[in-house]
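Letters A, B, C and D mark the chains in the order given here, with residues in each chain numbered from 1 onward.
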């Protein structure tokens, strides 16, 4: 069986997913497509050589009878509407992050899905599909380090555009991946957040603080520190070290040639963030296609999207106040409990 | 367009390829299939849920009008016949190694293909598609180490079945991958071979020498040493270090979690060879499907299969005699010269 | 010239130093010695083959006319008295940590030394003499990572005796080395401390918390986090990572053979803390002897001992209260300012 | 007791040793000294502040009644004479390499020492005292890799003066350290040598081949390959990998700060060979002083110097002829057998 997909949004990530589905992965094809930019959707259809219907709106895509499942890759503020519509239509929907731009919006999706009674929503937290994170999770789950007690992380970019740092982008945009992947890695939830503000680098845009250190506490008492440094100059570098009762496991570095050259023994560090998780998108989409065909759902849920949103809000508050902010969220509904 | 494939041979590797084509990769489907074991082919068709015609013979598969291209994954001694038949039918053919069991057989294929006048044959040297070898080749091609002068390699298995070492299996079976991948890596040909016989491990089957060191010399004067140690106990470990005029590049290790545990800072070494190049089969098949659809040929050629066979023969001779054996092979025909 | 030393205290560390001075390093010899245990001092003199006067008290050692300088390796609570007496006698004194058991005691020594007007006191913070810390400091001082912004550290022991954890030993005993070496590394002082209490390992003595995370803030705004985990099981492991504006430098690991064995690529992690800084004691003593002969003083000062004591007290307070504790200390006197 | 030394030769290495003995290590002092250059010896005595008699000749140094032992650090061609004279005088002698400039000269020393009947001669093969080689030997001796079967080595210099490569300097001068340290590491002797000549780097002096690969075979059948590359550009790099029946051990890299900087994860490779084994000279001299005081001899013997000379000659012959050259040497005399 081939999964017939409707795609809403043909920007960078949307087009990448269309290419994956069409030219790389087996199991699905695009049958309906739309974008707010009519010229762009036509160009994508032509350049990718797609044999698909072009719709006027996302709602039309969702409603199309030959659409089995929906891919939401439109502008963030439109996500909530399309995800809710997909749920209303009873169609599985894969939504790029954010699930919604507010915690309240995420909560509405959670409630709609519970009311519908069947898991339909998957959020695009692709790090769970990255080979290095999967190896790390395997190590923890196999009890190779005993019970986790602490996690030391770093999220570093060589630099960010000066407008990126407007408001709390590092905490909401970059950090949300850490929030989700660490919950998944530890199979735990957060109960408090604190943000530490170190001396700022001179290489950040004017008046904008960089780096930050975020401290998170989980229900089991695991303590997480994440260095968030988005103008570190030297590379795009994602570090994660889990300290357990009997040993320590580190996220593997991306594969690289070991060089002896110019008085250095070295491996390469990526400068371009796009390369770091590129392969994980393939795995993510392929697993979503395969499980959707089987009528199953295994990926990050609407609840995960909601929890990420609430945690990011707490971090923003913690930064603003300098205080330790409790993360309060209703008890996880049975609907979202682990099998 | 979907490439319609005929598959000859449904043993381990055949079935793996069928699964790749059917469930993982886009662009091709199996439309005809055969195996000398009639029960087995039926079981495979059923278990994989294939919608394909079952043929009585490989010749019938090749002749089938709806078969665009052929996959030869049958018993080694039958390869030559099926590859020649595919050429005669003018159909692209992917043949698992060996291309033929003798250098003379390989030569017949080379001659048939030249006579036919179009590249149809690709040999299953999957290491060229492995990510770590590709990164290494990139480093060399980008002149990051200057001109290569020496290559130090190791091919190590934790152990081999005692019947494996019958005759010259390590030299012909394991080593043939080194022969091909190093020619590709260096873009060079061999002119002599020498085999050194070190003290033998006590962990080898009775009376059977292990390890060996093979020394190869290329037309450019590059010197290659390959340690071939198939009962090394500790792991399946493929090493390749290219020494250039200005630096050294090492084949990346497979990705692994860095552990601190039990008084050791460690990463894992694979014990199971099957895991080492598993991903490269996907890339190999996918690139073959895509280029075949375009009417192009980019992979290891019949000439590469022939050269590997001649080189392996020289190594066997070098071991037997203890001498440095010249590798003489006709000049590379224009048909197989680089574009 | 040979420096004639008086040694007060012949326990483990005292005897080690005596052996260094007598059999390994040039430039000094022991001419007077004492210990509260009369039997022990006799045994040490005999077993080490020393040609030295045995004194009844530390005061007698300090007063001896042929004693040029004093080595205090007695029981901690006696340090203050002997250091003050050495200052009073105008003799250089090397005192093992702690300089005094209270901040007030350290302050008295600082004041006595200032009054005396000449640098006489060196505290036994041997990490400053460790090759790996010196390489790290060189990297920072050479501006290879730009200005330091954050420091991530870990101090891990495989296990500690259950009575060790009595009171706040990890914070006062183990952590004091981190306190001193990080001040030296960064050439900076602390202004606040916070202690985070993660989930405790089950491998700690009953009712005793382990691990802790200590957060320190410096006058320049550098943020330091130190994981203090004294029952980590896997090894004695000292980690220090300095994050600067343009790069990151890590404390080198102790030298170790890289092994490929039993499915692991590994280096050894020490289990015995005594081996980690063993060589730094030689360097420390040798540099103290050489500078003392020249009438100079370069090592950790009484002020450094005082600052360490005040900081450790703040950490204990921070743990007790769960609050961020400001570290208030009088301005550094000119006497102790950098040349 | 203090060992009273006579020093013959005050060039670079001689002066370094004088400094070690005088200012760093306990147990010895220089009491007599000479050099063919009278001005130089006076300058060294003055600048190092030595309290020593200046002799006219090496013979006078050896004969001086207050000289307990002799240090030969003069010009290579004079070594044999001074070592023989020391033996004749019954005085322990430490001789920098080469023991003698010809195998015949080494043999004369061996015979004189046997005739004398007591071990007096130590040759300056300092690598045996290097911490990294000692850790590697420990690993082998502890049976952590089973019986050694193969050794893969590299001796690389960033560059050499163009006159260095006159004749066979790399084989006789650089390679002699490999010859000795590998015999010691494996506790084995060589029976044949072969030299392979790869494509030459363009960064070597005109018409001079670089690199070489030397193949050695031991009595136990262990096969050694040493890449000798003295214009490798990137660094001074000594590699040694011992392949045993159950695992592999690699010579540790020199300690270095792990950096993340400029898109690289790197450690430093030394450019200056002088730094690589600098610490091993201290250990070598200190152990020689201590054992000589005790009347014992533990270091590299005259026999080791002889064996190194014979092996180097075989390598030169192997290069000249392109043949595998047997290394024939009389059976090791009982006098030099292991205790």
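For the reader, a short list of remarks on this structure follows.
Operating definition for what follows: a contact is a pair of C-beta atoms (placed from the backbone, for glycine too) under 8 Å apart; a residue touches a chain by one contact, two chains touch by 3 or more.
Just so we're clear, the structure is a prediction, and the values are computed from it rather than from any experiment.
Shared contact partners of subunit C and subunit D comprise A, B. Relative to the C-alpha centre of subunit C, the farthest chain centre belongs to B.
A straight line joining the Cα centres of subunit B and subunit D is 46 Å long.
A straight line joining the Cα centres of subunit A and subunit B is 38 Å long.
Averaged Cα coordinates give subunit A a centre that lies 59 Å from the centre of subunit D. Annotation for subunit D: residues touching 2 or more other chains are 234, 246-248, 253, 260-262, 267. Every residue of subunit D that touches subunit C in the complex is listed here, in rising order: 22-27, 131-132, 135-136, 138-139, 144-145, 246-262, 267, 286.
The touching residues of subunit A, when paired with subunit C in their complex, are 146-147, 149-150, 152, 196, 198-203, 211, 213, 215, 220-223, 225, 227, 229, 232-234, 243, 245-248. Subunit B makes touch with subunit C in their complex at residues 234-235, 237, 253, 260-271.
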